[in-house]
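Chains: A, B, C and D, in written order; residue numbering restarts at 1 for each.
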Amino acid sequence: MKKEHVFEVVRSLVAILLAMLLGFIVTYLVSKQPGEAFQSFLTGPFTSPRRFGNLIEAAIPLTFTGLAVSMAFQAAQFNIGAEGQFFFGATAATIVGITVPAPGWLHPILALAVGGVAGAFVGWIPGVLKARWGASELVSSLMLNYVFFRVGMYLINYHYRDTTAGAMVSLPLKETSWLTQFLPPTRIHYGIFVAILAVIFTYLFLYRSRWGYALRMTGLNLPFANYSGINTTSVITYSQVISGVVAGIGGAVEMLGIYHRFQWLALPGYGFDGIIVAILARNNPLGIPLAALFLAYLRTGADIMARTTDVSAEMITVIQAVMILLVTAQAFLAGWKHRIVVKEAKQSV
Amino acid sequence: SKTADKPAAPGGDQNAKAPLKVALLINGTLGDKSFFDSANAGIERAKKELGVDAKVIEMGNDPSKWEPTLADVSEEKYDLIILGTWQMTEALQKIAPQHPDKKYVIFDTAVDYTKANLSNVYSIEYSQNEGSYLAGALAAMVTNSKLPNANDKHTIGFLGGMDIPVINDFLVGYIAGAKAVDPQIKVAVSYVGDFANPAKGKEMALAQYQQGADIGFNVAGETGLGQLDAAKELKKYAIGVDSDQAMLFKDSDPEKANLIVTSMLKRVDNSLVRAIKLYQEGKLTLGKAETLGLKDDAVGLTNNEFYQKLTDDAMRSKLDDLKAKIISGEIKVDSAMGMDNAKLNEIRNSVKP
Amino acid sequence: MDVLLEMKGIEKIYPNGVVANQGVDFSVAPGEIHALVGENGAGKTTLMKILFGLEQPEGGTITYKGKPLHIASPHVAIANGIGMVHQHFMLVPSLSIAENVVLGLEPKRGLSFDWKTAVSQTEELAARYNLPVNPTARVQDIPVGMRQKVEILKALMRGAELLVLDEPTAVLTPQETTELFAALKKLKSQGHTIIFISHKLREVKEISDRVTVMRAGRLIGVTDTATATERDISRMMVGRDVVLHVDKPPTTPGDAVLRVEGVRYVADTGKEVVKGVSFEVRAGEVLGIAGVEGNGQRELVEILTGLRKPSAGRVIAAGKNVTGKDCRAVRQAGVGHIPEDRMTHGVAGLGTIEENLIADRYDSKALNPRFLLSLKSVSELGKKLVKEFDIRTQSPKTPVKMLSGGNIQKVVVAREFSANPKLIVANQPTRGVDVGATEFIHKKLLENCAEGAGVLLISADLNEVMSLSHRLAVMYGGEIVAVFPNADEVTEEELGLYMLGVKRMKLAAGSEAS
Amino acid sequence: MSEMLQAIFSTSFAYSVLRVTTPLLFAALGGLVSDLAGVINIGLEGMMLAGAFAGVVVSAFTHSAFLGLVAAVASGVLMALILGYFSLKLKTDIILAGIALNLFASGGTVFLLYLVAHDKGVSTSLASKVLPQVTIPILDKIPVLGPIFSGHNVLVYVAMIAAVVVWYYLYRTPAGLRLRAVGENPNAADSVGISVHRVQFTALIISGILSGFGGAHLSMGYVSWFARDMTAGRGFIGLAAEALGGRTPVGTVLASVFFGIADALSNYLQSLSIPSEFIQAVPYALTVIALAVYARQQTRKRARLAKLSQNPEKKAA
């Protein structure tokens, strides 16, 4: 068994190396400074505290949406809606941050809670439609992204827009609501602790609570769960709702920690990233932060490469896509793995 | 050894052989056929004409990356850092004071000089509402004209990317200009909700044309290009924005180009070349904001072969007249910047078809 | 002696490290019916999958018709006249029988699939081998026995000379089994060779010419069927003597733990599949319900256990009215349920044994002393049950999917029996389970009964219902058509007649089987 | 207001519904074929985008709209092969592979656009071709029907034909039978010697062809150039339409048209005094409502069926 774990590590490394090689070849073809470009990609995130901070900052929202998506996946429910939940959570937190007068310690908690409730609402709709009537949650959660994007834009535009600003942004959030950035020059903020709490919470919820148990069994085999006396209708609903809570809190954290005023004009894309993170982590909450860091590392490195060399940002998207494909290729080097297994089995017989 | 060849102090130091190092930060991506492309064009010209050494950095559409990029770039060996849009002002107000040795130019907005020591920042604003005023006036004249594709309705169109202040600034000027020519004018206003969905843009423009508009103004990035296709399909007129859209299609699609009466431009390119030049000469008024408008030729309608073909002398002289009045201050054009929704709605409803 | 097929030194190691075949030598003579037997997980199916090209061995050679043959895929096997009827049916439920039979060999007219020819080809084939089916029926609507025939027709359609049948009788009635055997003998007489896998040694004795026995991935031996007794074979399989017949203890039944009153059920299609069934099960007794599958037993069981809501009627379990209540309520009333299909309802395959064992009590106070689940209690319970129910596994934390069928069944039984149920509804509790495990499950069932639980046993295996039940009822066409207050006084043949609807008792309405 | 209503009840509205529906229908049919073969295709968006791009570039360089169309289809197929190679051969999670493919297409097209057109946004500097509009002889003269159905871009008709062909392929040909068998029970197909991978690859390729057409319609019919990310989520909408349509060709067509109507409607509703955000949300909100209503009705129907026979029983009792 041990050798198999070693194999997994080696396989991932080889896949990453291969993807890098491919990336390097392409870089070599398109860049006049391929060596420098690639080096800045690989080591860029570690060359200054701020850049390292960027990596961590980027991993925080990814952790939330990754957790959210994996929660739904564990219940064998699709959730393409983390995007809308994240967005709407951020919108709701913005409103609380602008309007509610509250002391410094309470304000963020309040904003996060409201963000979570907003996300929960967006998650509840596909959940209940699926649980009650079997309506495809893939369709509804996808469509709700577009709906709640517009609802959020309307709220900001018509009710909380900063009319003195030269762009479509909300009024600034009251400073009491901010999640303080405590490690200058980075922008790492208290939201990181909320993220860690979220990881611990989802882990405990999924693996240590009766509700999480019911959720996982429903995901593994729905008729079995039904037969065992689990109320699968409510499980399906609450899996989406909790997924929405986590994504919504994620949006709120991002808003309170990084932005301090609402300024998105399009869906920010963390929902889809969350799917990537969840699959990379195989839906294991404890693996989610690592997968989020990995993706954040790719992104930050790529940004730095695009910024400091002549390789374009688009090329980097392509290289990222190739890496994601190769790293998650289960059958990549499977023949080799099988030989190891056979050898071990023969020895142990 | 690296510190030894640190670039010489900026500002017309003649003995410095090292070219001026300039960075242009794009908080979005190139290819918008709008002011980022225009800024990029300005930098290209500055490279050629002024001999600067420049790098253009696309920061993408994720706002959370913009501030750290600015901070990063400020630590690198650039002399002059150029950036644009209101969204960058808060970041710049924070970072510029930390790098007093660096100089910054921000275009299409102004920093708040009362907020910090921003003596190293030069701001350029454009009165796009003034240019749009002229576009509105022209549109009103076209819809009332005898041009082959004009109808007898007093309706013109406006296709916005999103219902947001920058876009509405164009709209407010456009409506005002149109009303100045024809108080009866109706303006069909649609927002696509997306800057990168040309097919949807075309669809909405078609809807406007079918509901009676015979000319429309698109202010919607790539989405807006869909309006031009709609114009071609229904044989209606269009007014472009931010780049000379008739010239874009002059060779690839002359039929379409023939329907684009003019385009309303913000000449970011000119203003940046000017700023870099002033800087090299040591004359840039750092620590101040300047508003460039019709009088500086920083905004205005394009004058090309199609414009000449589609407009007559009367139209052109009317436009010249209005332009002169705006420059002289006789006409004051409202701005949507800082306008609340109630006022905005009042304006939109006053011309609702 | 002639050899048609010779497999030599076959080695198979699955990607998860399970050694399923270890140097297995297996040979079949032309024209014989060759039985392959062994405990669950012995490697029979694996060996046959290798023969059919569904799995690739790590070592060994296959010689077929005197020539070495490399079977890279089922395509190769089929091309060489090897056909296989799988243990778990490989049919496409939404397609018709004809479409399933011709799949891969579709007749064409122009570009189109020629439906008429497909139907007539299926009809012809069915007539030729005496395996009557309705070609236009959808597979999802036909009973299991019929599916079995479709599988055989599929193989014959492809011109199989060597036909592998993996546990074909597990789901058949005695009459159907007899029919099948007749068909197999006919095939044999037409020159086909048959490999036959079964856990029912009686059938092996009846149909086969020779028997190969496997245990734990190895070949144990080959014998002529005529010279070996059932006892000999089972000793070879298990490595010890097995009690093949249970002695059920006499019983003095107590109060009714289950009362079913006029239960009806109408399916989505509008067809009434349970037509007013009434009966009672008393504490301490086993009521057996015999019947050919597809006569409403499944729906009835699902209604009794809360998986379905009845269209009419009442169900009173352990004194509580649970009519139309969900599984949870039924379980809380004290009902345990061994479901028909263990992989669908009985377990979550990817879950660990432990997780599967707590499915009915995951929210109990005992497992949740405080806010969270107590992993310690869960693991203690797991260890205890694994030991008590003799679940053969490396650890209680092994995913259930890795166990063999018999052991998976033991997981289900362990969970259901350890909850101290007042009533156990056991639907086909030993289907596809080997002799050793069957013996064990029967023993446990009777133990529970002796401790005062009532048992409702539904089985297509007549031997099983007859030897375990105190009372017997027969279901046919959604109704109870016969009741025998003393199960020992009935013969198999007589039961069979009721099961096929040939005979029917006059029963007082409302008091049936009480 | 009255002008708006007039516009909505006009033939040109119906005409625009067909046009709006076309790219969605292509995507939805592509999604349907691969879904029925058991491979859910999240990469439709990327396939369409690649098609839209290749069509423009090749037609510009060859001066042939037809070759452009061929290239669009070919690049859709190429994307399908990449998706198939990773998900089927290398066992990358199919959803992840689809998402990665979309990233790949999004970045790759802009990158290549810059190489060929020196522009990162739109391809207007390339004199690319558009596919012809087709006037259907007799139909053309019929009132109402003529203006609605005649004079569309040729791909609008291709889409209609494709819907019929896909139906025929899936339900009337041996290959379609195999495809459905593979999607429903791959083991069954495997056991009769059908190569599951080959069938799934084929399905993905068909999906790629259809997406290629969809992409070409956007850049060589709808508008006449390529713009970055111009598919703007249509691949996903197609996937939703296929799911909404209950994974059947007829349902898929109906769902696509439904979405087309909702979308076209939102274009006309802008003249109402409602914040534009709400109008933009209309097509999506309507889809959710339709989905819910349909699903609810199905559930009720089932419940009603089960109850029917209670009545005779009650009478008897």
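Please note the rule applied: a contact is a pair of C-beta atoms (placed from the backbone, for glycine too) under 8 Å apart; a residue touches a chain by one contact, two chains touch by 3 or more.
Quick caveat: nothing in here was measured; it's all calculated off a predicted structure.
**Q** For the chain pairs A-D and C-D, which is connected through the larger number of C-beta pairs in contact?
**A** Of C-D and A-D, more C-beta pairs in contact link A-D.
**Q** Which whole number of Å gives the spacing of the CA centres of chain A and chain C?
**A** That gives a centre separation of 45 Å.
**Q** From the C-alpha centre of chain A to that of chain D, how far is it in Å?
**A** Centre separation, chain A to chain D: 28 Å.
**Q** For chain B and chain D, let me know how many angstrom lie between their CA-based centres, rounded off.
**A** So the centroids are 36 Å from each other.
**Q** Name the residues of chain C that each touch 2 or more other chains.
**A** Not one residue of chain C touches more than one other chain, so the list is empty.
**Q** Please set out, as single numbers or ranges, the residues of chain D touching at least two other chains.
**A** 110, 120, 275, 277, 280
**Q** Where in chain A do residues touch two or more of the other chains?
**A** Those would be 150, 153, 157-158, 312-313, 334.
**Q** All pairs of touching chains, please: list them by chain label.
**A** According to the stated criterion, the contacting chain pairs are A-B, A-C, A-D, B-D, C-D.
**Q** List the residues on chain C that touch chain A in their complex, please.
**A** So the residues of chain C touching chain A come out as 13, 15-19, 22, 58, 305-307, 326-328, 330-332, 337, 339, 344-351, 355, 358-360, 362-363, 367-368, 371-373, 375.
**Q** Going by the contact rule at the top, pick out the chain D residues touching chain A in the complex.
**A** Per the touch definition, chain D meets chain A at residues 86, 89-93, 95-97, 99-101, 103-104, 106-108, 110-111, 114, 120, 233, 236, 239-240, 243-244, 275, 277-278, 280-281, 283-285, 287-288, 291-292, 294-296, 298-299.
**Q** Contact residues on chain A for chain C in the complex?
**A** Contact set of chain A toward chain C: 1, 204, 208-210, 213-214, 216-217, 220-221, 223-231, 334, 337-338, 341-342, 344-346, 349.
**Q** Applying the document's contact rule, which stretches of chain C touch chain D when the two form their complex?
**A** 52, 54, 73-75, 77-79, 84, 86, 88, 90-95, 99-100, 103-106, 108, 111-113, 154, 158, 262, 264-270, 272, 276, 309, 311-313
**Q** Residue numbers of chain A touching chain B in their complex, please.
**A** 48, 50-51, 53-54, 57-58, 150, 153, 157-158, 161, 163-169, 185, 187, 254, 258-259, 263-266, 268-269, 303-304, 306-307, 312-313
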